[in-house]
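The following blocks contain the structures, represented as structure tokens.
Two complexes come next, and they have one chain in common, chain A, joined by chain B in the first and chain C in the second.
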Partner chain A sequence: MKILVMGPGCPKCEQAEKTVRDAVAEAGIAADIEKVKDFQEIAKYGVFSTPAVVIDGEVKVVGKAPSKKDVLGWLK
Partner chain B sequence: MSDCGCSCQAAPKFVFSCSGAADVGEVADQAARSVSREGTAKMFCLAGIGGRVSGIVKSTEAAQKVVAIDGCPLNCARRTLEEAGFTGFEHIQLDGLGFKKGETPATPENIQTVVRSVSEAFSK
Partner chain C sequence: MSEQNNISCACNGGAPKAVKDEAGVGRILLLQALAVAAWYFLYLQLLPFSEWFAYGLLGLDPASHLGSAVQFFVYDTPKVLMLLLLVVYGVGILRSFVTVNWTRAFLAGKRESAGNVLAAGLGVVTPFCSCSAVPLFIGFMTAGIPLGVTFSFLIAAPMVNEIALVLLYGLLGWKVAALYFATGIGIAVVAGWVMGRMRLEQYVEDWVREIRAGEAAEEPHMTWRDRFIYALESVRDIVGRVWKFVVLGIAAGAAIHGYVPEGQLAVIMGSEAWWSVPLSVLLGIPMYTNAAGIIPVVEALLGKGAALGTTLAFMMSVIALSFPEMVILRKVLKPRLIAAFIGVVGCGILIVGYLFNTII
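== the complex of A and B ==
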């Protein structure tokens, strides 16, 4: 599973990354988590505000940091 | 906005156009592009909504405001957004502005009339 956390580095983006890492650890799954900061790369996914989370190519959330419950639901 | 210069708190405003094949579709399309160039809102891809491209759908869900422009009473742009589950967006139909399909060339004047209407919708 490949997870992209998109955002240039503001507190909400950092929170999104932390939440994703916590959820992956809690779920006990193997996942490659990558931070994407370049807005050109972000825009390639049709994402126009951040933070955003992409799992295996599918954009799950845009414009807000997800809750851990949300992320755990996406990991199932 | 935070100091990092990111767009975290800047939910975008999106304008969608039917961009249909008829003259009124061309007017709608050109008006949306003009609004986008002026910076009032960003023109976004209606085909991405129809195709359920996840980034485009989720970005639209996160938008501050959405305006859809339809050239004719078939309302393809409005229907496309509604089929994807969107409600509460502003809708402009060129027929409502007195523009008839087959009788409305994409002149600068006609395009500007629609641009004004779209700008008004975003200022509400």
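== the complex of A and C ==
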């Protein structure tokens, strides 16, 4: 599973990354988590508001930091 | 987000869930009505309570410095926080509809002029933080929204914000709040329009113009229940973040209120000093603060003889021309376009400053 956390590095983006890492650890899944800071890369996914989370190429949330419950739901 | 699942499984599980949601919505609406009634009742008690607290319980003299400072603090702090709760919740509901993607789709194909006005209006309610400025800019460009219209949005979004509006209304009354709102929107519309006329498209970084972004990523569908939760979350997030600044700001304001002699500030921030408007704009640019901290201080300054135009100009420059945002925008804009942005918005703020100093 490949998870992208998109955002230039504002507090909310960092919060999103932390939540994703916590959720992945809790679920006990082997996932490759990557932080994407490059705007060109972010725009390719049609994401125009950050933070955003993309799992296996599918955009899960745009413009807000998800809750741990949200992320656990996506990981199932 | 769990709604994502609702879309894909609407065919087999959508209906029963919708019915359950509707029943829940009725209950939430009733709770909200009760909460607003309680809010209003409490709000009416704030002034008598602050007077009783300062003059009755603590036995302070209403005419004394300490007495007036304490009463000011005890009245204004809960008042502003209560207004913030209510407004942030309301704006939260609105924001659940006006997302960045919706705004992008809505503004695409709108012509200039009308587009500038709509963009400025939407800028006020769209969820937007300065670190989202770049993706949002790219989103607007790739949707074919004219550069000037994009700038109307980018200017209005930070400049006219709900926290500043609440503080101005709570501390200075509805007239000043309305003036701030109208001139903020005015600057965004006119500055965006002027920048559109200047034909600055070639000063957008090349890679931005080369991106052919496809469809915007789909945002999950929200039920009413989700919208209420979203609004509650934004209250927790925003009020949770700014309350400290509000309290500190009002405490500083209360101190100035009680102790700085009347008229002392008129010399440097009064309407007589012509240079005070440009100076306060220049001072505002490198400052990094937010409306919550600056406005209570502004309120106290005004009471001591600072001119309204100068003070508004300072506030707008702090919020709309912040240096950190320029650094972020540099990733997509060439220096000349950033210079044009600062120049046009700066001129707008100067005009507002002089205008208010002249008419009030």
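Here are some notes:
Methods note: the second predicted complex is superposed on the first by the 76 of 76 C-alpha atoms of A that agree within 3 Å, B and C clash if a C-alpha of one lies under 4 Å from a C-alpha of the other, contacts with A are read in each partner's own complex, and residues count from 1 in each chain.
As a working rule, a residue touches a chain if its C-beta (ideal position, glycine included) is under 8 Å from a C-beta of that chain, and two chains touch if they have at least 3 such contacts.
Model, not experiment: these values are computed from the prediction.
By the touch criterion defined above, A:Q40 reaches chain C but does not reach chain B. In the superposed pair of complexes, A:K18 makes contact with neither chain B nor chain C.
When the two structures are aligned on the shared chain, A:K2 is found in touch with neither chain B nor chain C. Judged by the touch definition given at the top, the superposed model places A:G63 against both chain B and chain C.
Within chain A, the residues touched by chain B in the first complex and by chain C in the second are 7-10, 12-13, 39, 45-50, 52, 59-64.
Residues 7-10, 12-13, 39-40, 42-50, 52, 59-64, 66, 69-70, 73-74 of chain A touch chain C in their complex.
Interface residues of chain C, counted against chain A in their complex, comprise 1-2, 4-5, 99-101, 104, 127-132, 134-136, 138-140, 142, 207, 211, 213-220, 328, 331-332. The touching residues of chain A, counted against chain B in their complex, run 7-13, 39, 45-52, 54, 58-64.
Interface residues of chain B, counted against chain A in their complex, comprise 2, 4-12, 42, 44-45, 48, 53-59, 61-62.
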